[in-house]
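Below: one structure, written as structure tokens.
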Amino acid sequence: MKLGFVSAILPDLSFEEVVELAVAEGYSCVELMCWPKGKAERRYAGVTHLDVEGFDAAQAAHVNARLQQAGISISGLGYYPNPLAADEVEAQVYRDHLKEVIRAAALLGVPVVNTFIGRDPTKSLADNWPRFCAVWPPLVAFAESQGVRIAIENCPMLFTGDEWPGGKNLAYAPAIWRRMFAEIPSPSFGLNYDPSHLVWQRMDYLKPLREFAPRIFHVHAKDVRVDQERLDEVGILAAPLEYHAPKLPGLGEVNWGRFFSVLGDTGYDGPVCLEVEARAYEGSLARRRAALRQGRQFLSQFFVSE
Amino acid sequence: MKLGFVSAILPDLSFEEVVELAVAEGYSCVELMCWPKGKAERRYAGVTHLDVEGFDAAQAAHVNARLQQAGISISGLGYYPNPLAADEVEAQVYRDHLKEVIRAAALLGVPVVNTFIGRDPTKSLADNWPRFCAVWPPLVAFAESQGVRIAIENCPMLFTGDEWPGGKNLAYAPAIWRRMFAEIPSPSFGLNYDPSHLVWQRMDYLKPLREFAPRIFHVHAKDVRVDQERLDEVGILAAPLEYHAPKLPGLGEVNWGRFFSVLGDTGYDGPVCLEVEARAYEGSLARRRAALRQGRQFLSQFFVSE
Amino acid sequence: MKLGFVSAILPDLSFEEVVELAVAEGYSCVELMCWPKGKAERRYAGVTHLDVEGFDAAQAAHVNARLQQAGISISGLGYYPNPLAADEVEAQVYRDHLKEVIRAAALLGVPVVNTFIGRDPTKSLADNWPRFCAVWPPLVAFAESQGVRIAIENCPMLFTGDEWPGGKNLAYAPAIWRRMFAEIPSPSFGLNYDPSHLVWQRMDYLKPLREFAPRIFHVHAKDVRVDQERLDEVGILAAPLEYHAPKLPGLGEVNWGRFFSVLGDTGYDGPVCLEVEARAYEGSLARRRAALRQGRQFLSQFFVSE
Amino acid sequence: MKLGFVSAILPDLSFEEVVELAVAEGYSCVELMCWPKGKAERRYAGVTHLDVEGFDAAQAAHVNARLQQAGISISGLGYYPNPLAADEVEAQVYRDHLKEVIRAAALLGVPVVNTFIGRDPTKSLADNWPRFCAVWPPLVAFAESQGVRIAIENCPMLFTGDEWPGGKNLAYAPAIWRRMFAEIPSPSFGLNYDPSHLVWQRMDYLKPLREFAPRIFHVHAKDVRVDQERLDEVGILAAPLEYHAPKLPGLGEVNWGRFFSVLGDTGYDGPVCLEVEARAYEGSLARRRAALRQGRQFLSQFFVSE
Amino acid sequence: MKLGFVSAILPDLSFEEVVELAVAEGYSCVELMCWPKGKAERRYAGVTHLDVEGFDAAQAAHVNARLQQAGISISGLGYYPNPLAADEVEAQVYRDHLKEVIRAAALLGVPVVNTFIGRDPTKSLADNWPRFCAVWPPLVAFAESQGVRIAIENCPMLFTGDEWPGGKNLAYAPAIWRRMFAEIPSPSFGLNYDPSHLVWQRMDYLKPLREFAPRIFHVHAKDVRVDQERLDEVGILAAPLEYHAPKLPGLGEVNWGRFFSVLGDTGYDGPVCLEVEARAYEGSLARRRAALRQGRQFLSQFFVSE
Amino acid sequence: MKLGFVSAILPDLSFEEVVELAVAEGYSCVELMCWPKGKAERRYAGVTHLDVEGFDAAQAAHVNARLQQAGISISGLGYYPNPLAADEVEAQVYRDHLKEVIRAAALLGVPVVNTFIGRDPTKSLADNWPRFCAVWPPLVAFAESQGVRIAIENCPMLFTGDEWPGGKNLAYAPAIWRRMFAEIPSPSFGLNYDPSHLVWQRMDYLKPLREFAPRIFHVHAKDVRVDQERLDEVGILAAPLEYHAPKLPGLGEVNWGRFFSVLGDTGYDGPVCLEVEARAYEGSLARRRAALRQGRQFLSQFFVSE
């Protein structure tokens, strides 16, 4: 496995600075954010470390040269919009940009693009399904044609009331993954596995590592802490952030020893990217850099980056 | 405390037969179902053991005479519609009938009417709140004027997809109860406390016994079993019945020793009514009667009916 | 479900006395021991409450008349030898008698005969398998032809050093049951399910209830207590009785509420027979009778015999 | 084992009424309180169901005749003062009366007298020890000469601030029992074992059952509930009743199934007396009688009185 | 947060050597011991790394220059006597020296002085309270006037029999802290929070982090291991060191991931000082230095010193 | 304690390369494998980093010079055959070579030789015992005469079916160790303690640290993960590797904080050697080197090598 981080935590740094910081903090790879340039729509989104619009082979060569020199690789390109947004015009914009990201990945030789399935949050899973079946096969086919794999992060994108009730990403549970992969069996379609989302959904985050082993293309190392005292007040029907908080690995409820023990058994040897979404580390670049240092320190007791 | 049962499990029996069965099975009281005569709208609803339409003092005297003779009391009248149904005409029908139930309770000298707050399940808690504030104060005032207390069961009424996403009863969590009682501080407004609903919402079902002690007017003894194997598949965002099942006390996750230990400390000495909603006991009257026998056997190790 | 007990605990009583005691203690059924008359070969074996040798229709009618009068039924006939004993002559004796028991069951209209697969304890599972495949298909075919079902108790028959290392019954784990039923798919071949044997083998005793639901023909209610202090001394490679002890339900580690909760979900409505093998209750008939009374008291909080 | 209760809960009943109630509620034996007539000094003390002053053979014969007729036995005589009270005059009064109780037990043929060692609560264990060594050997010798055994209840007698810091009974921990029995090895000196006192002291209440098996002469069935929320506020250095409460068996933290499972293994077949000290049951004779009924119902699932 | 250590573990080093060692071992700050020169009264006490007697501005400038050069800060000055000692003369000596320490902190610009409330261990909490109310308001007022904050360590100072029964520091539980801060609401009066003392008192060490967040001025990172086998022998009424032992973080029962997770949420960004009191590390300077290295290694996975 | 590793993981490296790697990865010592040159008989065996045949003082001086220069010590010589193999000729070969290893240790001044007792796996413990009593006293006496201590690893050597049923090493449980040391009380006879073998045997791995403290000569740091899902299928009577897997420390079930906490209390200050037997790390030298790096990173939070 290779230790990396998700570049979304560094919106104020340029590509070059991200690479420098990765080297300085001892990381082997980075998941580069590829949002379109412009205003972010939510926290940790809207970050552009690689501007894929008009991205060409020359730029790709330049980027790769810099990375090779630094000894850093790109674990995946990241772009996490809602490709099934209720507003079809908006959804199309997302899907078009997603194809640009895929194209850029192909040019760079980056094997994976990380994203979401999306969802109309006002509709049930069943009512969203036909749209998934219409929208996603061509997207996956496009990625396959480019030699790039799509890794869907297993996040419900349901945190606060404005994403209520259904969240903005269908792909949050094994029962759903199974249907997804039955619908689109392409080997280019898989998961960006983040155990933390399963924790607050009260699910086993180890079992799927085995069943979905061939579908796990990328891993996010993030943790969550469930606050029982808050949960006792509001219950699981409340907006999830009312009773839990994202945390750096080691400060939450994931048993990382067990996680890497099972992940190693599956033969996974891809990237493991620290994702920093903990508010306690957001204040300054120094704080966020401290988060990267601490995360590496914590994770390196369970696996050594190669 | 007095041991009773909820009569909804016996839709095929008359009032008289319910009383006979209560005596035969050693119960001290019964929560009598008071749905309007006619077709039930969901399982365990639509049962009419007391027809409150046109119910008068003479009928009340007759009922009470029969009960006194049998040595059985009515723990409360039960009617569980959705008084905040999205369709205002429908909601008004429910509220009108609820007032009839309250009136009947007053005639009978029954201290408590058990019901739901209701909810428009397609709207958020916040968006339902103004309607609660408009609808419920007069209902509670009416009950108060009749010398009857309203006990709201703490059930989210969210079991399957058709109640998605919000369920049909707002009153499912301590944080909400606190707001309810702040809005309507009347001493005639309280809870019909059922610990099982808190279990699958992953909440402490003991703490509220202390804080809300003066508001607990009635208790339902029901249990639930959460099936982790199912939960691992679908997560807490699924329809709740996809991963849990109602059960008789002792066949679920409530620690009843602890429950009655704390409930006793609060000084509660009202009714505790077994609520049978377990599918394994639905097949026949004999099965349901077996459920009542088993439930009494189980509960009587934790309290003795007086 | 019907509450019964295994008659092996009453070697000093006659059939008639067993029936009387069952009535007196409030049981609905009995698993009758059918060892050949003569000397017992181990504790709780060698008991003959029904002598199947030469058993004929007239005797069957007599037995059934007595049972009907008493309101007691036979849950199954029980005979637990080692039909795969290393000594083929000995094994053949067991198998011949087993067929007699099956024949008697058919005459009585008793649906189930409870027994063991057997095993040569000095050989591995793999090395015993060919013999299982040779011996058991004709036995099951015979039972099927008689309209009787064979229920194999899931006991390893490995308690002390003299059964070391392999025990005297192959059928102790789900992985093995699956092979057994693949080899002999007859619907007359199933399990006499005793959760206690799975406890000290450190296995989930609830999961198999679902997977093997159609194969569960009979249930034994027995418990075990694992003594961690002893286990800390000798480990799981020791003879099992060095670190655990059979117990009455409620005095061991089985969560019976959970057990009957899941068992009820599977639709099982057959017999549940208390099996008394606890040394603390062996001293006298009074003690063993006390065990039957206590066991009924304990179990009846979880299910009511019909 | 024989199921009994401690008569201290019935201060308002006479000996005769206690016996009648024992019969009516299905108990086999009673621990009779033998405080001197007069004013009680603390809750549940000062109760006199047998007035031992001037008690003679004729009275003993009368009492035994009544008991035999009722089918009830005396499990032990109970008198729980502080024989090591700081005030030596007071202590001597206690010790003199204790000898009277022993004498009465001898006359009645009751095998056990239950009491406390006592303690000067203002002094450390070490500083109390010399007095124990001076006072108790002659008391035990006297009991031995009368053919009566002394059973010391393992209660620290430290509940509220007025017993601070050391409590009024030295004999609360296995390390201390071992010293006691080393100092006074008489087979007439043992324990009245109550598991509940070990629970709030955070001790294993099962291990001592084995080690001290030959010293366990009498058993109290009482439970306690530790309230972690309170403990979080005050810690274990607070007065114990600030964070725990005595409870009926089944309403506290003792695992009674495990308790009777191990107790049975030790061969114990003496009395098990329900001790009711739960405030929720104190209000009236009816409440206390309900406690006796409930306790019997609960305990009889784990052992049957012989 | 800043990682430091408590200098008491290095009694044989001078101020200069302590600073050198802090630099060499990668620490950012140090809590400097300020006992009066002379004989220590107990383990880890009596250490003088800063002699506050006669300490003046020039000395302060010298110290600060050295620290600035080394890149090390003083997290707080530490002096832990018994300011409520029974002997009023002795207590006055402690309080006078405490004022000297406060004065030195002001001269150095060190924001916090760490100490104890003290207690007459032979008296109850209630009986100590009037003296607390008389003694502490002027001490806090003095600190406030000097611009220095007083941080009380939450240690009961009750370890062995000679501190029995009450220990030498009142400030050991949230219920007491609340009274303290109600009595002395000054913002200069707070806590030096050490989670380990709450562990063996069986208290939640996370909840107070939230409630008392504005009062937490300093944090000690120490752990304890509770030995259940010992506790089973002696119970919680024994001297605490009979059943627990202080340990380095990671070798005890504190869940440090959870601790720093919650501490970070409160916004705490002050010092976290490793306190080494583990006997296994006392043998030599090399051992104690190893403890500092190991502690830093362990803690740095949960936070990165800034 | 000193941090080392077991050299068996590096069969493709020479002694010189092992030493270089130890230095490069920051280890203080190495347990050197001393199998006879030739074909390995099982995984991780048959490795020869020190060829003891014909080993003489000159070679010893050479080895020691190299080690001294590198700052690395030998924690022990390792040779793990089956000295009680059923084939006496084979067993004698093992024992002769073991004596060669002991002789080499003496020449090198290495204090410990690590090995197994051995066992005829087809015979019970009891039936193996006489042979142990015959074979081992002279071996221990020889070691004692050479000033070398024998440390027996507590591994049952029972992993797969070919070692069934008894495994190839008697010394796997405290009850057996006690008998061993009673039989051979020589202070040169002790344990190479590996907690992981106790985990899957479901035994306490902390208690023996205290009781056998004077017998613990060497420690292996290895972990195991028990897979409950597999165990649910096959039970503890299956071949152990069917339900568990060896793992690096931190990726299994040993609580290493607790382990080193108790080990430190016993005063142990010998070697702690990482043993890498995890399949996930076997693929290449780079992987195995990564394992050594990761293991050191993990262990160094619990102790610092001196």
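As written, the chains take the letters A, B, C, D, E and F, and residue 1 is the first residue of each chain.
To be clear about the criterion, a residue touches a chain if its C-beta (ideal position, glycine included) is under 8 Å from a C-beta of that chain, and two chains touch if they have at least 3 such contacts.
As the structure is a prediction and not an experimental result, all values here were calculated from the model.
Chemist: Can you name the chains that touch chain B as well as chain E?
Modeler: A, D
Chemist: Can you report the angle of the rotation that maps chain C onto chain F, using C-alpha atoms only, to the nearest 5 degrees?
Modeler: 180
Chemist: Centre to centre, by mean C-alpha position, how many angstrom separate chain A and chain B?
Modeler: Distance between chain centres: 44 Å.
Chemist: Can you work out the whole-Å distance between the CA centroids of chain B and chain F?
Modeler: 64
Chemist: In chain C, what residues contact two or more other chains?
Modeler: 207, 301
Chemist: Looking at which chains touch which, would you call it a line, ring, star, complete or other?
Modeler: Topology of touching chains reads as other, fitting no named class.
Chemist: Could you please write down every pair of chains that are in touch?
Modeler: Those chain pairs satisfying the definition are A-B, A-E, A-F, B-C, B-D, C-D, C-F, D-E, E-F.
Chemist: Quick one: which bits of chain D touch chain C in the complex? Just the residue numbers, please.
Modeler: Per the touch definition, chain D meets chain C at residues 207, 257-258, 260-262, 264-265, 267, 300-304, 306.
Chemist: Of all residues in chain F, which touch chain C in the complex?
Modeler: Spelled out, the residues of chain F in touch with chain C are 124, 126, 156, 158, 161, 164-167, 172-175, 198, 200-204, 207, 228, 231-238.
Chemist: Could you pull out which chain B residues touch chain C in their complex?
Modeler: The contact residues of chain B facing chain C are 225, 229, 245, 247, 250-252, 278-281, 286-287, 290-291, 293-294, 297-298, 301.
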